[in-house]
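Shown below is the structure under consideration.
Read from first to last, the chains carry the letters A, B, C and D; within each, the first residue is number 1.
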Amino acid sequence: MHIIELIFSPLLALLIGVFFLGLARKVMARIQWRYGPPVTQPLIDIIRLLSQKSASHGVAFNIGLVMSLAGSLVITLFLPFGKIAPMSNSGGMLVILYLMLIGPLGMAISSGESANPNASIGISRKLLLAMGYELPFLLVVLALMTAYNTTSITEIVSLQRDTGWSMFTFPLVLSGIAYLLILPAMLGVRPFEVVNAPQEISSGPLVEYGGPYLALATLQHALAFFIGISLFVNLMWGGAANPVIFFLKMLVVFFLGIFVNAVFPRLRIDQAIRYLWRWPSLIAFAGLILVCVTGS
Amino acid sequence: MDRNQLKKWFQNPVKMAHKYSLHVVYFCTGCGIIEIPPSITARWDAERFGIIPVATPRQASLFIIAGYVSLKTLRSIIRTYEQMPEPKFTVSLGSCPINGGMYYDSYNTIKHLEKYIPVDGMIAGCMPRPEAIFVGVTHLWTLIDKDMADGYKRYRSNYSAYRANQEKILGKLEWPPLFPIHGEE
Amino acid sequence: MLKQELETTFDNITIRMEKKNQLELSITKDGIMSVLSFLKNKGYDHLHVISCVDWIDDKQLELVYILSAYMKQDVPGETEQLNILLKTRIGRDDPKYITSIALFPAAEPYEREIHEMFGVDFLGHPRLTPLLLERDYDIPPFRKDFDTKQYVDDVFGSVPSVEGEDKN
Amino acid sequence: MRELELYYGPQHLGMVGNFSLTLQVEGDKILKASANPGYLHRGFEKLMEKRSWIKNFPMVCRINVIEPDSMEMIYSMGVEKLAGIEVPERAHFIRSIFLELARVGSHLFGLWAYANMLGFDTVAQWAMYHRDLVLDLFEELTGGRVYHIYIWPGGVRRDFPEGFKDKIVKTLHTIGGCVPDYDSTFFNNRLFYERACNVGKVSRAEAMEMGGVGQVIRATGMAYDIRKVEPYAAYDRVPWNVPTRKEGDAFSRIWIVRDEMIESVHMIFKLLDEMPEGNVYNRIPNPFKWRIPEGEAYVRCESSRGELGLYMVSDGGKEPYRAHFRTPSYSHGLTVLEKALEGANISDVGNIMMSLYVVAPEIDR
């Protein structure tokens, strides 16, 4: 049973991530008065990309890409998806926080090798943005860990079953708001879509990726999307015992993200950092103090 | 998706994926570009068929050359085409890439695009309307189905002739040949 | 008003005003800069275009500076909008002229284009690099003796079609 | 910091036409920009010398793909001025209505390009949809979607068909009904303000000496509009305003575009009300034998991007001896843009460029 879960949960994460990408395109199209592509479109794209031949730009180019994808895949093992949680008892939040850095870092190594100025600008933006949201995110996670007195996600989820969603329990309200404010940045949707801005830097780090490499990068993007939403649902919206309910909760968060995506332009990177380090960080800090003061 | 299509998906998923996931690098060389925005936006919505514009040639599989090609553009067209991963398809819009169109006596536009890079489909008209563009795309689908959209293979087999033509018009090209040229090995 | 001032200030200037809103001035080639700065001080501060006409029968190139007053429209009394066409002719063989960038920075791309299309050298221009064209042409292409049809037949007509291309 | 040389274009998403910029970049800051046009050069002015006066109409409208109508207008004006042709009163009104419709369409295209550059896909798609509604009107009137060849020397090609006025009103009401939507999602959006305010600033003195026209100088507080200063067509028959703003940055230029669109719509309604009955064109001589007397003319009109000029010389022959178009994007794209990009952030290149509304085919001709 455990083995099956180990194999099954990354695949499920990939599937849901790709489905979310397709759904995002469909929903965006409907907001823009269009019919939109079929929901399976990203899957078709991935099949097409895998069958194309493309140039590699060196060993680090390949290794970085695989490293980034593998890092994201490993995270999904630690994240409970309803009851499916193969490795969430070992490790916990700290491991996830550590692994979350591997994704951007691997992309940085990989696209740095391609030696395209657009890629280097894009990757510097990506790392800056990661720095931007890591600070409030860490504060939020600290507040959670202090409030629940544990670092294990499964325990945080099961504790929420008794107390209600942590977003709506008294001392964690502020942290919940801060998390909601940085969620678009973590998902990489507009107004924080600065990394891949096609109109500004020709899709940034992905500029030299083609064929199978782009397929892997797309999968990594899908996984990042999945992880961002799943983490939020687990930490703030009480997770779920049932995978179906968990999925529905994820859908709600996903729609929130897409609606924000549809009505905003993208910010400049300096404006994005300034925003992330001002209000969300302040609120998260206040939330942490609140938790420490009122906590047991 | 009708049953016939489903069968095709099972028989040859790669070919079907090529048909329904044409990522386009639009080369806005000319008037043609004016009908591209309507065809990819709300009115005609090319994304229904999986056609979306991408920013770099590496990610693309369809190359749309939208209009007359001036000499300066030809250089970047060749570079872009050679950077695209195979299999790749080329479609040109308008009468000008076919035979020069109304610029038949212009000193700065090339007259026959297919002498410099292989072209899989040419959509005539000045300008082709969005409907015509979609008719062209459906025609390209038929070609892909029948394995006749083989421009990239022809480019490979006739590379020395293509390269000679390119160098004849542009002078010595500054980048190395993509494939080995006959007689030099 | 402007007409009389121009006539008194400059000796060898011909002034014609045949069409509405349009004042045509002709002057010998050394007088252009002084007329331009005179007009600029008078408020004709917007350089629309520098054009060039190839009068092949006279073996001359004609440079045309077109100016009008933008700021002046608020000044009372000057109700009529004038477009001033200031013309001068230079020799067609080995044409050289002085740049007017110091007076009008907007002139920069126009002079570059005329250099490229008519082969006029503007002395003192900071970058007379090619602007629009890719190939080198023996005769600058906008001159009247450059036959486009002939050129097209020679250059593009001689490119052979690639083998196997007629399959489709 | 390391200095980088970054190539922007020639092919670039969201850019209108091929146009390339070479940027000297230090970090995120642009030290120097140099424009590199010529990707769309066809040598129109040379080709026009080989074609008869009337055959040149298909040529001139292809110089600017976004708004071909002002090109037709300026060429007709030039020919009329050289040959001394009068235009009937009704034709003046039809021309004005037609040109204002074209201006609305062109501005919507500009809004698409600008919104697309900022990553504002939703608004971009709406704008393109609304432009298509305007193109439908053109198609019914002239038979062509993009290129119309509707304005001729001596008037316009044909009168409005039955019920066309109502269709114009209906379409404009549809578009005008969405102005609140546009306002709330785009023009009053705080993030648009953040992105565009104080970006690409061009002061009035700079704009004047660099040859800026149109929105560029109107955004610096100067109400200069050829339609007011040197009225052509029927622009002096109805009252209307020139929208201006003071700041001179990208934000004010885009707001002027919006205000101009609304002003154009109001102007069309007024023109439709006051349109007289009568003939719509005066006959011109047999176009195949048409010779135009010797002379030269400089005419100008206001296109959607600013002042458009045409210098034309006739030697009394069947063809123009020389025609030179002074297009607004020429100075905007080559001098004003280079100036405005100095010291700007690298994310703002497209932002500044599209707020200047640089249309590449106009530069190259």
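As a working rule, a residue touches a chain if its C-beta (ideal position, glycine included) is under 8 Å from a C-beta of that chain, and two chains touch if they have at least 3 such contacts.
Please read these numbers as outputs of a predicted model, since none were measured by experiment.
Peer 1: Indicate, using Cα centroids, the chain positioned nearest the centre of all protein chains shown.
Peer 2: Answer for the innermost chain: D.
Peer 1: Between B-C and C-D, which chain pair is linked by more C-beta pairs in contact?
Peer 2: Counting C-beta pairs in contact for B-C and C-D gives the edge to C-D.
Peer 1: Based only on mean CA positions, could you tell me how far subunit B sits from subunit C in angstrom?
Peer 2: Computed from C-alpha means, the inter-chain centre distance equals 39 Å.
Peer 1: Roughly how far is subunit C from subunit D, centre to centre by C-alpha average, rounded to an integer in Å?
Peer 2: Centres of subunit C and subunit D (C-alpha means) sit 23 Å apart.
Peer 1: On a C-alpha centroid basis, what's the spacing between subunit A and subunit B, in Å?
Peer 2: Taking the average C-alpha coordinate of subunit A and of subunit B, the gap between them is 36 Å.
Peer 1: Using the average of all C-alpha atoms in each chain as its centre, how far is it in Å between subunit A and subunit C?
Peer 2: The separation of the two C-alpha centroids amounts to 59 Å.
Peer 1: Two or more other chains touching the same residue: where does that happen in subunit C?
Peer 2: 132-134, 141, 146, 148-149
Peer 1: If I count partner chains per residue in subunit A, which residues reach a count of at least 2?
Peer 2: Expected reply: 32-34, 198-199, 202.
Peer 1: Which positions in subunit D are in touch with at least two other chains?
Peer 2: 12-13, 38, 41, 43, 46-47, 50, 125-126, 129, 364 - these are the residues of subunit D that touch more than one other chain.
Peer 1: Touching residues of subunit D toward subunit C in the complex: what are they?
Peer 2: Subunit D residues touching subunit C: 37-38, 41, 43, 45-47, 49-50, 81, 208-211, 217, 222, 224, 229-230, 295-298, 300, 307, 309, 311, 313, 321-322, 324, 326, 330-331, 334-335, 364.
Peer 1: Which residues of subunit B touch subunit D in the complex?
Peer 2: 25-31, 33-35, 37-38, 41-43, 53, 55, 68, 70, 72-73, 76, 80, 102-103, 105-109, 126-127, 129
Peer 1: List the residues on subunit B that touch subunit C in their complex, please.
Peer 2: Those in contact with subunit C are residues 70-72, 75, 100, 104-108, 110-112, 114-115, 118, 148, 154, 157-158, 161-162, 165, 168-171.
Peer 1: Which subunit B residues qualify as touching subunit A in the complex?
Peer 2: 1, 13-14, 16-18, 20-21, 23, 41-42, 45, 47-50, 54-59, 61, 84-87
Peer 1: Can you check the complex and tell me which residues of subunit D touch subunit A?
Peer 2: Counting only subunit D, the residues touching subunit A are 4-6, 12-14, 25, 28, 115-122, 125-126, 129, 185, 189, 191-192, 194-195, 345-350.
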